[in-house]
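Take a look at the structure set out below.
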Amino acid sequence: MAVSLGELAVRFGCELRGDPQALVDHVATLANAGARSLAFLANPRYRPQLTATRAAVVVLDPQSADGCPTQALVCENPYATYARIAAVLHPAPVPVPGVHPTALVAHGARVDPTAQVAALASIGAGSVVGARSYVGPHCHLDEGVILAEDVRLVARVTVCRGVQLGARVVVHPGAVIGSDGFGFASERGTWLKVPQLGGVRVEADVEIGANTTIDRGAIEDTVIETGAKLDNLIQVGHNVRIGAHSALAACVGVSGSTTIGKRCMIGGMVGIAGHLAIADDVVITGLSLVSHSITQPGVYSGAIPLEEAHTWRRLVARFKRSGRLESRVKRMERAAGVKSGLEENHD
Amino acid sequence: MAVSLGELAVRFGCELRGDPQALVDHVATLANAGARSLAFLANPRYRPQLTATRAAVVVLDPQSADGCPTQALVCENPYATYARIAAVLHPAPVPVPGVHPTALVAHGARVDPTAQVAALASIGAGSVVGARSYVGPHCHLDEGVILAEDVRLVARVTVCRGVQLGARVVVHPGAVIGSDGFGFASERGTWLKVPQLGGVRVEADVEIGANTTIDRGAIEDTVIETGAKLDNLIQVGHNVRIGAHSALAACVGVSGSTTIGKRCMIGGMVGIAGHLAIADDVVITGLSLVSHSITQPGVYSGAIPLEEAHTWRRLVARFKRSGRLESRVKRMERAAGVKSGLEENHD
Amino acid sequence: MAVSLGELAVRFGCELRGDPQALVDHVATLANAGARSLAFLANPRYRPQLTATRAAVVVLDPQSADGCPTQALVCENPYATYARIAAVLHPAPVPVPGVHPTALVAHGARVDPTAQVAALASIGAGSVVGARSYVGPHCHLDEGVILAEDVRLVARVTVCRGVQLGARVVVHPGAVIGSDGFGFASERGTWLKVPQLGGVRVEADVEIGANTTIDRGAIEDTVIETGAKLDNLIQVGHNVRIGAHSALAACVGVSGSTTIGKRCMIGGMVGIAGHLAIADDVVITGLSLVSHSITQPGVYSGAIPLEEAHTWRRLVARFKRSGRLESRVKRMERAAGVKSGLEENHD
């Protein structure tokens, strides 16, 4: 779809430096843009590519605009503006109302006439598919699943019994929502299954990545609050609550009964122990272990970047003999008649 | 289903402090229980909620019973007793014998007349589905798969050719059992696939979580022994053996040809290298790296909890310059004429 | 299938020490081999089993051949030779041309007459399935997917719109190729979805493990180059490029816009941050964090092996008070009038 720069400037509140009649019809990277391309600059890492770009127009902020060799759409948040324009130039598919002849809708399930149920999907008894929602191919909704309006299950999503998904929730292929939590009671050296009787409540505007798993609560519900975004291959244990507008990168694991606050950002492969509370506005960098609750907003880290292997082995060896070094220092302090310096500021 | 406290006390060997005629009909948390609720107290973390609970009855141990403001079912293992009572109040679904008209059962497959095969499931030639087993919607059993009795494949489970699942095995959605192991021979800078010819043998009473993957053996079988419990998103490499009644938390990775003993407990995101042997009764806390065999039972750890980011950066910087600190200490020792203290106890 | 040792020696360029007429009909481990078994020795770890093996013949290298108590096929690369022989003795299934009656092929999709589409698979409009390719049961190809020749999608694979898979690509169950990347623009405390408009290009001879997820590019394509091998439960973010013949072990996470060079080997659970470049011929051991680009080939590590828990706790405590130790050493140096030794070689 071709759109004029003038129309984009007006719709998205940008200052246009260029010809309002000029047309763009697709997005491109700065490096590979052409005469009908719209590109953007948001990450300063890509600034060097700006000089040589052949885009028709670049979306960027006022600080970068003077260095732009092409037409420009200038705004305060170029990444967000780019996102909106991209959605205009490349509109998302919309549901085609109806149930595919190979889809199964159980007696007593209710599919809104504006919703689409794709091939080989199955919908259990008592389930509800809301207005304009899309149940993609090979999806399975068990009994009593509730999808609000404008939900999009891309393909091959499993939603277990009684799970509720709010408006505009998007779920990617392979995700499993509402599997049993990992609840077993130890008894004479074996494990006895604890029935997992709660559900999962996913609020509006949540997005859930491919092959992510969200367990149902043991007694009450696991809850993903409004606008939270979960990347791929994430594990969310039973009874967890993830706060509104928090974003979790791929491969994160959140153990059972932990609460994550609002607007948190959790880096990839972070592991969070169970029964913890993480405050609002906490940022955790990748591969960290969270073994205690976090009560203050801020940035937290817990991983050591890799080194060339022979350097790393020496570092690990020193770490493992750190007790010896402490003892040596203590002995010298005793010999020298100094105290061990507990009172010193060492940070 | 409503049950009297008297009946529960008798069936599960509890001391009842309260009215044997009183009825409960569902389980609830201590915090949200009501007049017909049964709650439990097993984790001391939740003790403060006991005082204010409005449950009809609480399952707890003798030490906690005196502080209980309501009726009580007193027993030595309240979590296990709770699990058994919850299964009475909220019975699990039982298979409805028969094959759904949209399911495919290949010629030469055998489905016990008491088993259920749900919608859009497919069962390959030579496979056997045992008595009272349940093959959920969208499951795929390849050729020669053997399910013993009372197996439950919840939904969308993939069981590859020749895999055997023992009695009462439960598998959650998205799990893949019997995928090819990661076997490639290096040859002139490229990789040559090594045929993966073994199978997977899952013994009785094993539970396998959502989106967990278990690779078939290269030549012989990968084995999951009786009663082992695997959480979600776990990777089990080829030729691995996981011992009876071991429990693996989510996101664990077990590399090929490693053996884990019986009654082990492996925390979330633990990574275990290949060709190792881990003894019985080993507990490993979350996010640890296991790069050597473990020969003694005990508790093992290997992760450093996160810190506020600016503190963490200083810690990492010091770690990386630890060689310099050792050198400085050594120089002072030389200057002071002391030995480096290898003989000291530094632990 | 029974094959003579003479034929194997000729076909695979081995020196035969034994009877050319002797037959083998299956592979086995050294430990469990019998009179018609072919075994191999490649990993020195298994050398002790050679002495007692009852195999008909062992494939091994010249250095080990003298210690072999049985007939031997001697060659320089016994693991690769074993792989080729195993593929002869246990041939992989070949596609049976045709479309299963329960499979769905959209109007405008093109399935080569030599290809097989298995039960309950679905193929979207504009997709192409090349010669001798196999689309396994429950697979879903969205619109515009291109499979070259001899592709094998084992079962339940999801290939999203427009994804291209090269010749001889193998994909295991549960993998998702072409899911949306994790792209959201921050705007007034909430997240705005950035349309993910690129595709995924998987080149020839790539293998992709069970439940692995590969995101489509944001604007251009995510690329997996020729011969790369990805194990199970791996996450590949948008715009990533994985170089030819690189091998990634299970549970690795590669964040968006990172490039991995050719012939790299990435250990299990390694986490790689976004927007990095990793050189060719880099080896990274398991559980490492890669937070900066790597410009030189070599071996890199970043994880500390676990310890008995009480030892580990002391190590962590010392790590966290390392600043105090530095201060104590500095104080002693000042007292002794020595410099802090920056010039010393401490590695």
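All chains are identified by letter, namely A, B and C, in their written order; residue positions are counted from 1 within each chain.
Assume a contact is a pair of C-beta atoms (placed from the backbone, for glycine too) under 8 Å apart; a residue touches a chain by one contact, two chains touch by 3 or more.
Bear in mind that the values here come from a model prediction, so they are computed numbers and not experimental data.
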Report summary line: Via touching chains, subunit A connects to subunit C in a minimum step count of 1
Query - Same vs different contact residues, subunit B with subunit C, by half of numbers used - result: different
Query - Centroid spacing, where centroids are CA-atom means, of subunit B and subunit C in whole angstrom - result: 25
Query raised in the report: Tell me, which residues of subunit B touch at least two other chains?
Result: 120, 138, 156, 174, 211, 233, 251, 269, 304-305, 307, 314, 319, 322-323, 325-326, 329, 332, 336, 347
Report summary line: In the complex, subunit C touches subunit A at residues 104, 120, 122, 138, 140, 142, 156, 158, 160, 174, 176, 179-180, 182-187, 189-195, 197, 211, 213, 215, 219-220, 233, 235, 237, 251, 253, 255, 269, 271, 273, 275, 283-285, 288-292, 298-302, 304-305, 307, 314-315, 318-319, 321-329, 331-332, 335-336, 347
Query - Interface residues, subunit A side, partner subunit C - complex - result: 27-29, 32, 42-43, 45, 77, 79-80, 82-84, 86-87, 90, 92, 102, 119-120, 137-138, 154-156, 170, 172-174, 205, 207, 209-211, 227, 229, 231-233, 245, 247, 249-251, 263, 268-269, 286-287, 303-314, 316, 319-320, 322-323, 325-326, 329, 332-333, 336, 338, 340-342, 344-347
